[in-house]
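Same chain, two partners: chain A is paired with chain B first, then with chain C.
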Partner chain A sequence: MPFNGKSGKFNASINTVEIGCGEKAIKIGGENVLPFYTFDAAIENAPKVGVMISDLGLDNEPAGVKAYYEGCTTIAEVAKKAAEMPGADFVCLKLEGADPNGENKSVEECIEAVKAVVDAIDVPLVIAGCKHVEKDNELLNKAAEAAQGKNVLILAAKEENYKGVAAAAGLAYGQKVGAESAVDINLAKQLNVLISKMGVAQNNIVMNVGSAAVGYGFEYVVSTMDRTKAAALGQGDKDVQMPIITPVADDAWNVKEAMASEADMPAWGSQEARGIGMEVSTAASVLASGSNAVILKHPTSVATISKMIKDLM
Partner chain B sequence: MGKFVVIGERLSATAPSVNKAFTERDPEPILKRAKQQLDAGSTYLDVNIGPAENDGPELMKWAVQLLQSEFDNVPLALDTANKAAIEAGISVYNRSKGKPIVNSADAAGRIDYIDLAAANDAIVIALCNGEGIAANNDERMMYCQTMLERGMELGMEAEDLWFDPLFLVIKGMQDKQMQILEFIKMLSDMELNSTGGLSNNSNGMPKHIRPIMDSAMVAMAMANGLTSAIVNPNDLRLMETIKSCDIIKNNNLYADSYLEI
Partner chain C sequence: MCLYVFIDLNILWRLIMPNVTFRYEDGTATVVAVTAGENLLEVARKANVAIDAPCSGNGSCGKCKVKFISGELNTEKTRHISDEDFAAGWRLSCVSTVAGDVEVLVPDIASAYKSRMKVADLSSKEEIAIFDRAKQDVEEAGIAFENDFSIVELTMEAPTLEDTMPDNERVIWAIQAAAGVEKVKLTYQVLKKLPDVLRENEFQVNAVLKKYGHGVMVYDILPPAEKKIYGLAIDIGTTTVSAVILDLTTGELAAKASSGNGQIRYGADVINRIIESQKDGGKEKLQKAIIEETLNPMIQNMCRSIGIDSSRVYHMCIASNTTMNHLLMGVNADPLRMEPYIPAFFETDNVDAYDLGIQVHPDANIVIAPNIGSYVGGDITAGTLVSMLWNKEEFNLFIDLGTNGELVFGNSDFMMSCACSAGPAFEGGDISCGMRATDGAIEACTIDAQTMEPTFTIVGGEGQKPVGLCGSGIIDVIAELFRCNIISPKGKFIREGKRVRHDQYGIGSYVLAFKEDAAGHKDIEINEVDIDNFIRAKGAIFSAICTMITSLEFDVSMIENVYVAGGIGSGINMKNAVQIGMFPDVELDKFHYIGNSSLTGAYNMALSTAAEEKVYELARNMTYMELSTEPGYMDEFVAACFLPHTNASLFPSVVQEDI
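So, the complex of A and B:
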């Protein structure tokens, strides 16, 4: 009897979400197969790579990052340079300076940075808050307003502040809403349900289902992404058919493998190389588990991951 | 496994108001009942036009087009003893949301409903019955095999035959209930789909008892592998039970709002 290969194509598909405008706008999602399973069906939209920049500047960045942005003095210049990074599809502006437990910058000051970046680049923009839920509620509301007409993705609406953030981004200012949950598949679905019930169209929602650096409870991340895609594709569950974006840089550069200096850990070798290693391996892993976009910061990581995606597609 | 398939039973000519609406081609009462059922979570709607001996084909066409145009090509079960009416209904049926269901065949006088389903690439409800109620599960299984073979010979996929164990009324056949559940398990072990008029079990019971008994029956039947039922989706307790069982069976991903989705 001849062998009949069976396609692993599903009847359901991930929603396609467009971010940005004009020629450089990107589409994420749309696939009806498992990650990179192009042999089962064509994947129209390859996973995308974003470059993270911070309103706190470059002082605490590794040498390779500083070198890449050499000569940039303003956030607008940094953003422009980030947009040009080989392999980059979009830029993510992280407003971490707003954190009340850190620099506690005013919302007005942060919005100046948003405006400067919006004016400086023509690639799609993702705006991330400072992770303080109350401050983010106000900050992201204003950021969504400031970037009106640019079709940006706002990261993120969480269980604690989704009403304010999703209403501003998704309803008032026509942006894309990021729905963030911390490696909890049931909450990921619930948040999508709640945001949808507010009237935000499902194809205007992108999920951040949470992440961790490889080696740090990462198997939970993988199983969360696997189960999300299994429900979305296998069970046709419309409430989890949103594409997934994963900010990798935050996790990867904040674990001891990336933070311990070479002086403290001579046997571990170059600190920067370790950071890149964590960033690349985490990004590769979340992409293989179903992320439709990753956010990185090191030029070497961006080049490596974008090449990996190209080679696998 | 996919979610449990609820087939809403409230568009039935046995209800006088529905019968009147069918006869007079009055859309309003039909659409109202259809919407109530869909809002409550029904996937399919059963369209029972009765024997419809005179104008069956016209009536079924009218009903299919009315419902599918109003409710985004809602999938339908076409339910009548008039075969020409079922074929007429399928001729105007839009499959984008699911194949039509032919309701129903049995292993005796209505076995040719399987042929009708096969010829029209439809799903068929196959009642595991010959003449009269099957005496035991051996007999039910024999009827099941007969119909399964017939469908497969005609090129159907096994998954398109939805076997109906025939739910029996508790008041009168209380001792047969576990047998029915065991038969559902046998179908499930064979990876066959199943459905049936589940509320038959509570026939003749006081009105306030029926949702309780139906909910218990559906939970036990789902535990044994029942994949669908023809029920009243506007029975809130029953629908809450079905949704909860779908969660327990991992047919649907849990979220706190699961009852409202």
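So, the complex of A and C:
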């Protein structure tokens, strides 16, 4: 008897969420199969790669990143250059300067940067806060307002500040809401329920279910993403059918493999190559576990991951 | 120079032995001399001043508030006391130390736990019906209601100069003839009273006998009019102790009483009690608190109410959790809380009232309902007997809601049991406005979805103003706040109104009763921290149910009946308990409140030797599941910490108002 392959496609599918507008708008999600299982059914929207830029400039960036942006003096110029990076689908502006425990820039100052970036690029934009829940509440509120009409994704509403952030982004200014939770499927689902109950449409929500650099408790990340996709597709659980976006750059470049200098660790080889290695392997792993988009910062990583996606699709 | 020394000594003297005055609301006071620097809560404990300290005095619960009146008291301001309250003199006694003479006011809410000991009115038919039903169920399952005690009427010839047989032989002869037994032994108690009782009653007496191998032991000699033999059943809960005196011949209830557990001032939960028992003299202190301060006064009060001497109680059975029975007997309980969690005993066989100093007949044997694990004790094995799970083919679930939640699931073929730590929330602990179900407790509540105005049922007489919330009241309030969309499924406030407010840290609260409508000094509020604590407690119960049932590859639809027991009160609104996701969403008519099953179980064991043996058999056949080592439990717990549950499809009947 001949072997008859049975398609592993599911009856349920991940929501399709569109970010940005015009020709360069992107769609993430929409699949009804496991990550990269194109042999079971076509995956309409390939996973997307974003480039992270920071309002703090390029001073602390590795040489390869500095070289790529050489000649850029303003955030607008940096954003423009990021948008042109080979393999990039979108730009993520991270307003880390707002952090009260850091530079503590005023909300107004940050909003200037948002406006400059919005005007400079035509690719989709993701705006990330400074991770300080109270400051982000105000900052992301204003950012959502400043980017009105651009259909940006706001990262992120957390359990502590979802009321303000999701109301501004998802209800008042028609943006997409990022829902961030800490590596636990139940907490991810609970936040989606809370945000949905406020009246934000489920297809306007993108999840960040939490991540880590590979080797740093990463098995929790894998199992959370695996279980989330299994619940969304296998059980048709509408409360977890949102696509997943995973910011990788911060985690990958902040572990000792990426930070230890060559002087301290001569046997480990080039520091920058190590950082790229962490970023690429983390991104590849979260994509294989179900992320629909990743945010990276090094041009080599962006090129590598976008090629990987292309080859696998 | 001389003057200087004089003043200095004076100050020194005052510093060494300051007086602490605990003033009560009724104006009376306790004065005690202490050493400067002593902790106020410790002083109160030593002086037997009742201040509730569920967290054992580590500053985490905020319950031990007293009002500073005058003198010298060093204190810390904690998050439990607002600026306004601090200015008004409120202090947490556990973070206050005595600096000199000081006078503080002990408010009623702090001593609420020591709620007047209640000797219940047995005219209430419902009260008696619970015991009758429990006895009837057990009897119908083929358990004989017989015990070792009997009473015989004896008529003897009075001794004469010719008939010189001593009293004890005279009685033994008479008993041999009347009861048809060879071997008869007299207890010391009987020997001691024998000459007087015989002569006062002209050698016409009743003898109380207990079967003893092939013979009998004479427990008592009574005047001919006294025909009753009494037994005692006690449930020792971590928070509440209840007891009944019963007629060992007929099973009829003679008296019933309840009281707070005197050990409460040494910590609200079993872990804190064990820790306290490990301190110097701690075992003795805790044993004294339960026996001398709790059990003996209860027994005396009950006996007085029916006009008997407490030595007329010849047999007793105690059902309690494992920690409570270890502490009762003065046995080291520390291994219970340490891996691998091993109790000193499951069963006991030879403990007499005399050994523990319990004021009943000194030879009364104490039957202790057997334990099956560190956290599943005799209260559950006794309760399982009356839940009748073991005699039914269909699968039933038995839940005992207490400081620890305990579950038994199964049928006549097998039974599984587990315990989860729910904390004291069901009995009002861990909740800022929480209290036990005594006078002033809000036991039921509904909220108007539009106006957000609450309506209450309050424990106590007509006109009783609210003091706080007891377990069933908390379930109602949270269920209603959620139904009316005032709180989110995470328990955070999402509507604004007159009764919703936020403190300086942004923590939301709902005012149940404004100051002018409340019995105490301030508004009665439930805040987000309280709600969060309760959600964890209910999450612990529900996730335990889920984990145990799924470990058997069953699901909740297979549960035929849910028997709910415990001190949470008969007022528990099952619909609301389902609304908040505490109990599985099965038809409401499947839920049955069976009262204090630990006490009714102990009652059956005291009354029937066969029932006692059945409990031993049940305990040996029950499988104990240790939840803390179950890998899926934590995950289930996080999923259950949501209203009603992260997986809303488990609760199809839960509805919310559209606002």
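Before moving on, here are some points about what is shown:
One rule holds for everything that comes next: the second predicted complex is superposed on the first by the 313 of 313 C-alpha atoms of A that agree within 3 Å, B and C clash if a C-alpha of one lies under 4 Å from a C-alpha of the other, contacts with A are read in each partner's own complex, and residues count from 1 in each chain.
Just so it is clear, a residue touches a chain if its C-beta (ideal position, glycine included) is under 8 Å from a C-beta of that chain, and two chains touch if they have at least 3 such contacts.
This one's a predicted model, so the numbers in the text were calculated from it and none came from an experiment.
When the two complexes are overlaid on chain A, chain B and chain C occupy overlapping space and clash.
After overlaying the two complexes on the shared chain, residue contacts for A:249 are found with neither chain B nor chain C. Touch criterion met: A:186 reaches chain B and chain C at once. Of the two partner chains placed by superposition, chain B and chain C are both touched by A:194. Contacts of A:159 after superposition on the shared chain: chain C is touched, whereas chain B is not.
Only one segment of chain C in 454-462, 580-588, 598-606 or 616-624 runs into chain B in the superposed model, and that segment is 580-588. Comparing which residues of chain A touch chain B with which touch chain C, the overlap comprises 186-187, 189-190, 193-194, 197, 237, 239. Those residues of chain C that touch chain A in the shared complex are 488-490, 494, 635, 638-639, 642, 646-648.
Looking at the complex, you find that chain B touches chain A at residues 2-3, 251-257, 260-261. Residue ranges of chain A in contact with chain C, taken from their complex: 159, 163, 184, 186-187, 189-190, 193-194, 197, 237, 239. The touching residues of chain A, counted against chain B in their complex, run 185-187, 189-190, 193-194, 197, 227, 231, 235-237, 239-240.
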